[in-house]
Amino acid sequence: MASPVFDTHSVVRALHGVRSEWRAAQRRSSEPGGREFPSRDALAGIVESLKGVLFPMRLGPVDLRQESEDFYVGYTLDAALHALLTQVRLELRLVDGVPAGTQPTQVVQQFALALPAIRRLLDSDVLAAFHGDPAARSVDEVLLCYPGVLAMVHHRLAHQLYRQGLPLLARIVAELAHSSTGIDIHPGASIGAGFFIDHGTGVVIGETTVIGERVRLYQNVTLGAKRFYTDAQGHLEKGQPRHPIVEDDVVIYAGATVLGRVTLGQGATIGGNVWVTQDVPRGAHVTQASARQEPRTVPESVLA
Amino acid sequence: MASPVFDTHSVVRALHGVRSEWRAAQRRSSEPGGREFPSRDALAGIVESLKGVLFPMRLGPVDLRQESEDFYVGYTLDAALHALLTQVRLELRLVDGVPAGTQPTQVVQQFALALPAIRRLLDSDVLAAFHGDPAARSVDEVLLCYPGVLAMVHHRLAHQLYRQGLPLLARIVAELAHSSTGIDIHPGASIGAGFFIDHGTGVVIGETTVIGERVRLYQNVTLGAKRFYTDAQGHLEKGQPRHPIVEDDVVIYAGATVLGRVTLGQGATIGGNVWVTQDVPRGAHVTQASARQEPRTVPESVLA
Amino acid sequence: MASPVFDTHSVVRALHGVRSEWRAAQRRSSEPGGREFPSRDALAGIVESLKGVLFPMRLGPVDLRQESEDFYVGYTLDAALHALLTQVRLELRLVDGVPAGTQPTQVVQQFALALPAIRRLLDSDVLAAFHGDPAARSVDEVLLCYPGVLAMVHHRLAHQLYRQGLPLLARIVAELAHSSTGIDIHPGASIGAGFFIDHGTGVVIGETTVIGERVRLYQNVTLGAKRFYTDAQGHLEKGQPRHPIVEDDVVIYAGATVLGRVTLGQGATIGGNVWVTQDVPRGAHVTQASARQEPRTVPESVLA
Amino acid sequence: MASPVFDTHSVVRALHGVRSEWRAAQRRSSEPGGREFPSRDALAGIVESLKGVLFPMRLGPVDLRQESEDFYVGYTLDAALHALLTQVRLELRLVDGVPAGTQPTQVVQQFALALPAIRRLLDSDVLAAFHGDPAARSVDEVLLCYPGVLAMVHHRLAHQLYRQGLPLLARIVAELAHSSTGIDIHPGASIGAGFFIDHGTGVVIGETTVIGERVRLYQNVTLGAKRFYTDAQGHLEKGQPRHPIVEDDVVIYAGATVLGRVTLGQGATIGGNVWVTQDVPRGAHVTQASARQEPRTVPESVLA
Amino acid sequence: MASPVFDTHSVVRALHGVRSEWRAAQRRSSEPGGREFPSRDALAGIVESLKGVLFPMRLGPVDLRQESEDFYVGYTLDAALHALLTQVRLELRLVDGVPAGTQPTQVVQQFALALPAIRRLLDSDVLAAFHGDPAARSVDEVLLCYPGVLAMVHHRLAHQLYRQGLPLLARIVAELAHSSTGIDIHPGASIGAGFFIDHGTGVVIGETTVIGERVRLYQNVTLGAKRFYTDAQGHLEKGQPRHPIVEDDVVIYAGATVLGRVTLGQGATIGGNVWVTQDVPRGAHVTQASARQEPRTVPESVLA
Amino acid sequence: MASPVFDTHSVVRALHGVRSEWRAAQRRSSEPGGREFPSRDALAGIVESLKGVLFPMRLGPVDLRQESEDFYVGYTLDAALHALLTQVRLELRLVDGVPAGTQPTQVVQQFALALPAIRRLLDSDVLAAFHGDPAARSVDEVLLCYPGVLAMVHHRLAHQLYRQGLPLLARIVAELAHSSTGIDIHPGASIGAGFFIDHGTGVVIGETTVIGERVRLYQNVTLGAKRFYTDAQGHLEKGQPRHPIVEDDVVIYAGATVLGRVTLGQGATIGGNVWVTQDVPRGAHVTQASARQEPRTVPESVLA
């Protein structure tokens, strides 16, 4: 008898063995059962629907007409919320520390109620991009073309999920934007109205960052942590604020790196490629030249 | 009676309210009507078709055979041009300042006539990549695998649209490449033959940049503006040249930043991470060490 | 008679002319025939299948259940290997220098036999990411969300293809990850167990890089070549090791650039944005401040 | 030079020649231009949408919930009406004899207003099927499974289009049902409430047929014309009623053929395979045995 | 303000009204909630999977290879059974009279265990078709091309569902075949091995039909009921056997109609278009001529 | 340990056993290998392409314009012929008796050369339908809506395949039409120009039928065989002509059955439901009444 082209069976057995080792090491069940993990594809679909719900005439279906907007919004929202409910249940089931009595339906309802405020914030971001870029011709162009605006649509939805105790769903929503824009905003970051990232590739914004209103960033800016804080036993203290506070009207040019729980004062300007590890006063202009004057004593590990 | 799972209706109402506010603020019509904006999906389809038209045996359908190339090119081109015509009409309708008598069909016909020259330029880019990267094994590999080449296919099409007075369509075509390559070339940039970007993530090239022939760039290079020029009333002067001129045979290594309307002379080499805000003479080699010697007087805000 | 909307025929003729010129210049055949080049779409499908084969319950189909894992793995693996066989044949046909007697089926079988070891290495990468990021909540989250882990799944498959003499297939697999993560790892790079890239956008790792175990990298790190080595005749010597050696337990923070065949000694830490062109001793901490003290004599062209 | 595998070019030329002959014979334009004919695929999509509009919880999307019905109905209806508008315009443009001033939008609006009455009629058909078939377990099963009910959904929509002067759109809608059920009802046929066709394959109902309420038919029943009426010049008189009148509560068993403008009186029963070409009195039972007694004088050409 | 193109809102309201009337009349809940009805699309997918499970190398994926059959069968079967489980739960929930303790998983497991016997029966049907049609060239052609064989694949699956108390799922499976073949076999019909229907359009086989082994049928054959039996109160007695018994080796030619609980004796032949309402002895040949001699006393209502 | 939901493994084993029995009985190889059988899906795609090739402006893509017809036809034809070549190779490999030296490419080339004549014949069928149905409004409507015309498009392609020694491909093409129209024409039937089938459900036309020009048929007409001819050993003689000859200008009304190698003379009319087993003279009108007068001596087994 002819032999098969490939010895698939022995590879299957070997892979089975490696999986068993992993599960034993991870104390995972080897019992029958299905996958119980939120789905990236499902989240992607939900976010697409929510984009249409938030901006029906610009991000909804091309054949939508204004007189049917509410019909479309209502139907799409309801379907998206039920799809989200499934994912919320999956995340809550994974978590040990969920407060008893957390109702997935209440979580989703609360998320839905936040959407109008999110739309309002996104409108401010769109206007900021329009006013911040002399090349922009219309607010519609900004919403449709600018990766920085797309990243904020994802972030404002992800941040809401994060605040409601759904960090994994939030992370997936954020990574979807990261993959298509190169902009990596942790869902935990708190960002005020009128935020604008131009170009954007390589931007990293850490979990405990706090950003005020009307802030503007360029590509490759990092708002990171200097180091992780550990307690007396050397365990990471996860709750600690460790990323910058950026006050209103700050501008940070391309390639600048701001590390640690420093404060960039209102209206400050951080020049391109500058490295900042100390507070910057209100209205100051920091350049490579000026930055070089300052004493540098901390190890510059960048963590976001 | 049981109540619905989610109170969708009140969210729909609230979103309706926010949209109305936005439209009032933007002086948009609240009258019935459809969307009248170019479509990113439509443009993506058109670009895919044009890739096949330009390189039928490499980017066209896998089952294409050389003896049917012209059939394929003709059919695909005709369909793509009609699809483009629809998008051109949508952009021209948005614009106030279109010269009276601009015929969408003539615009598209002119675009079509430019395709052979675009193919010729792209051939030169492919050869430049092939010769510029010792790892490249064939010109076909370069066309299929190199993000820098893909970015140039988009750019040369986008630049033609830009020159024909279609900046929005041009921008959408550029952003499609930005999203999948991390390379952000403004459609306004003028780029000569034999251009090659290696690796490419994080590259930003501004609107009024002028690049000569046989220029080579690495990842994270920025060709940006120092500042925006404003007229006496403080209004941005949009037409002003504000990005670098890069002459023939220049090489710019990774992370270098060149700002403002400076000229990099023919054959100059800009080292990695170097910061350039002044003219560089022909054939010069600029490194971090040499750059540090020079006086730095301008604020280094990086704008592209 | 009315004339057609567009003069498609003359564009078709002109494009035909440009293609003929190119083929003549490239000494390509103008004879009838089909495309004979590996397909990016085919490779993308194969990699998707292999992800499911390697991690069936997390990257396989959502409705998969543990009791059917082996069925799924066997069926999917067999189909993927046959699809890969087609691509392997296409690449081997392109190559002049393939050792006589190289059997595509044996090449694919050898690839299949390497999968269990690849899974084991990827498990170590997942654990490294989980332990390296205080924000990570579970190993599953890491596998599903982290672009650095996705890049390693692609790299470990691509590296195996590269080692088996299939550099073009390897490159396509690597570029698929580059496009969606912004992380650009040459398939030739040799990387030990427990490797973790955080954030990742802008990372570039060159072909002859050698990385030990438990190494950690942040965004925008470049492990590149200082220059290409040429022999007496000025030809590039492609086989020459020209990228860094990174020993076990090294950490390299964001924006750092390491160039040339230098060695970063075991346990060394390279600070953010630091520029390294010389060996770093074991356990050393290199910062911008310390780096600036050292003499710099080499031109810093960064090549990866 | 190798020759192509197939001589496609000469076949293309020959087909071109045959098309030219056809167009010359049909006095069609050979000038450039696009297709201007309603689309079967478009109609299929519109009918699918209207099914969901009419029966949202049973034929709409599986994830629809009752509290969102009106949102779904409104959005889907609006999109379907605009899609229908495109098709209506295409049909009206083809027609010479359209009354001047016929507004496509008014035609579509009138169609929309008829939908609630159509739903009501279809409810009566569903109930008739449920009561007429002892195997039916629920009205939902009837709506989802019975080809006779599906055929009536199409017919009642097609008949409305037919009455509004859109015979071509009506025909396409009818043929879609014919193809999937084997039931061929001309859109011109007038059919009362509570109509039920069991099994249905092979049923043919002609254009001028008039059917009362609560009528029941089985498979392979033909309600056809005996012959076409011609005027003195031998031209077909198309307006002439030439198919049967079937009064309320008639039952017609499988394979029966009823030809010409005969009347089947209220409550009559026509047995299987019976051939009827004369009026049948109220309440009569016609069987093959009884039918055979009657004189037969007409040629039995069956035309529907 | 311009008015909308269509007055969609009033149509939505009117349709809402009609739905409410229907729900009130049907005593349906108007409370919020989702659809709880088996899905035709889901069943279609399950049947497609089961076809591949039963005949992997002929109806499975084109790229399947024999050495991977069991992998494919196992994976596909497991997924199909879980999908079926969902549908079984939906049907059982609809039913009032399900015996307490009926476990959906046990129902599905029992169904799975019946598959090998179903395959064996279908093999006998394939052979019967191959031997019964002189035009058939191979058993593979028969399985791939013959609508009569396709109808039997559906029927044997549907009959198993019917026997396990899932008449609605069974009906949907049967109607899928009816729609694509024109052959209408009630899932309740009991059919022995080696059954063959040639051409098939218009065949109707009723619920309580019992068919022996090696029976052959042609197009437009009806095996129906003469009338419905009613009890003293005039209610339909649904359990009553009311369709024919067809013994082994009977042949029934095109257009023949057999009505009521008559028995066609072993080896009998029923001629084309013959009408049979009485028992037929073993080995008899019934033709139109012979049939016409017999007294006919029953009304020939044909019901299946 | 929990047990799996379903005991899939034992079902897989049992199905494996049944397959092995079948293969042993059929003397099929149990050796590893792939499927080597023509694909229904592939044929469906090829026929769709050929429809567009034959009628580009009516059955081709909706966005096609007349000035690009030849481009479209050439590209689509070339791709369809190469796809057909794959299927031709598969069928020829299955056959033992293929004449040595039969070249698949020549077979396909010959098929291609026949397409213009097929288009001409189909034009005559379209005109026949247009003139034969008073309800038809235009030749375009006929081509788009009439199942009888669709069946002929398939038949004329299938007949060409049949004549070129590809009966299996021919059969698959015919069954695709059978499934969607209920019209079952054996690919072997020879049919002259100007053929029209109205309604069509249930029509069966046997393999050796010969039909002249301008013939018209209605639904449920059978042109079948009386019996199979067997030679002295009782073996079926497959080559024997056994179906009717229908001369020019014959009309056959619904439900008529014509059996055996009888000739319907030029211009004859066969009434509805008539049963014909003897020659019919030129111009004769056969009705049920007249038919009943004739002696009937043959057993009326209907075989097609």
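Order as written gives the chain letters A, B, C, D, E and F; numbering starts at 1 within each chain.
FYI, a residue touches a chain if its C-beta (ideal position, glycine included) is under 8 Å from a C-beta of that chain, and two chains touch if they have at least 3 such contacts.
Predicted, not measured: the structure shown is a model, and the values here were computed from it.
Traced through touching neighbours, the fewest hops from chain E to chain F number 1. Note on E-F: across the candidates A-D, C-E or D-F, the interface recurring with over half of the contact pairs conserved by residue number is D-F. The two sequence copies chain C and chain E touch through a face in which the numbers common to both exceed half of the numbers used overall. Of all chains, the one whose Cα centroid sits at the greatest distance from that of chain A is F.
Chain C and chain F have CA centres that are 53 Å apart. Centres computed as Cα averages put chain A at a distance of 26 Å from chain B. Averaging Cα coordinates per chain places chain B and chain E 59 Å apart. Counting partners per residue, chain E has 4-6, 8, 12, 30-34, 63-65, 67-68, 70-71, 73-74, 78, 82, 182, 201-202, 220 as the residues that reach two or more other chains. Of all residues in chain C, those touching chain E in their complex are 61, 63-65, 67-68, 70-76, 78-79, 82-83. Listed in rising order, the residues of chain F touching chain E in the complex are 5-12, 14-19, 22, 26, 30-35, 37-40, 94, 167-168, 171-172, 175, 178-179, 182, 184, 186, 201-202, 204, 207, 220, 222, 224, 228, 236, 238, 257, 259, 275, 296, 299-304. Residue ranges on chain B touching chain D, taken from their complex, read 4-6, 8, 12, 65, 67-68, 71.
Interface residues of chain D facing chain E in the complex, by the touch rule stated above, are 53-54, 56-58, 62-67, 69-70, 73-74, 77-78, 81-82, 85, 105, 108-109, 112-113, 115-116, 119-120, 123, 134-135, 137-141, 144-147, 180-182, 198-199, 201-202, 218-220, 251, 253-255, 269, 271-274, 285, 287-289.
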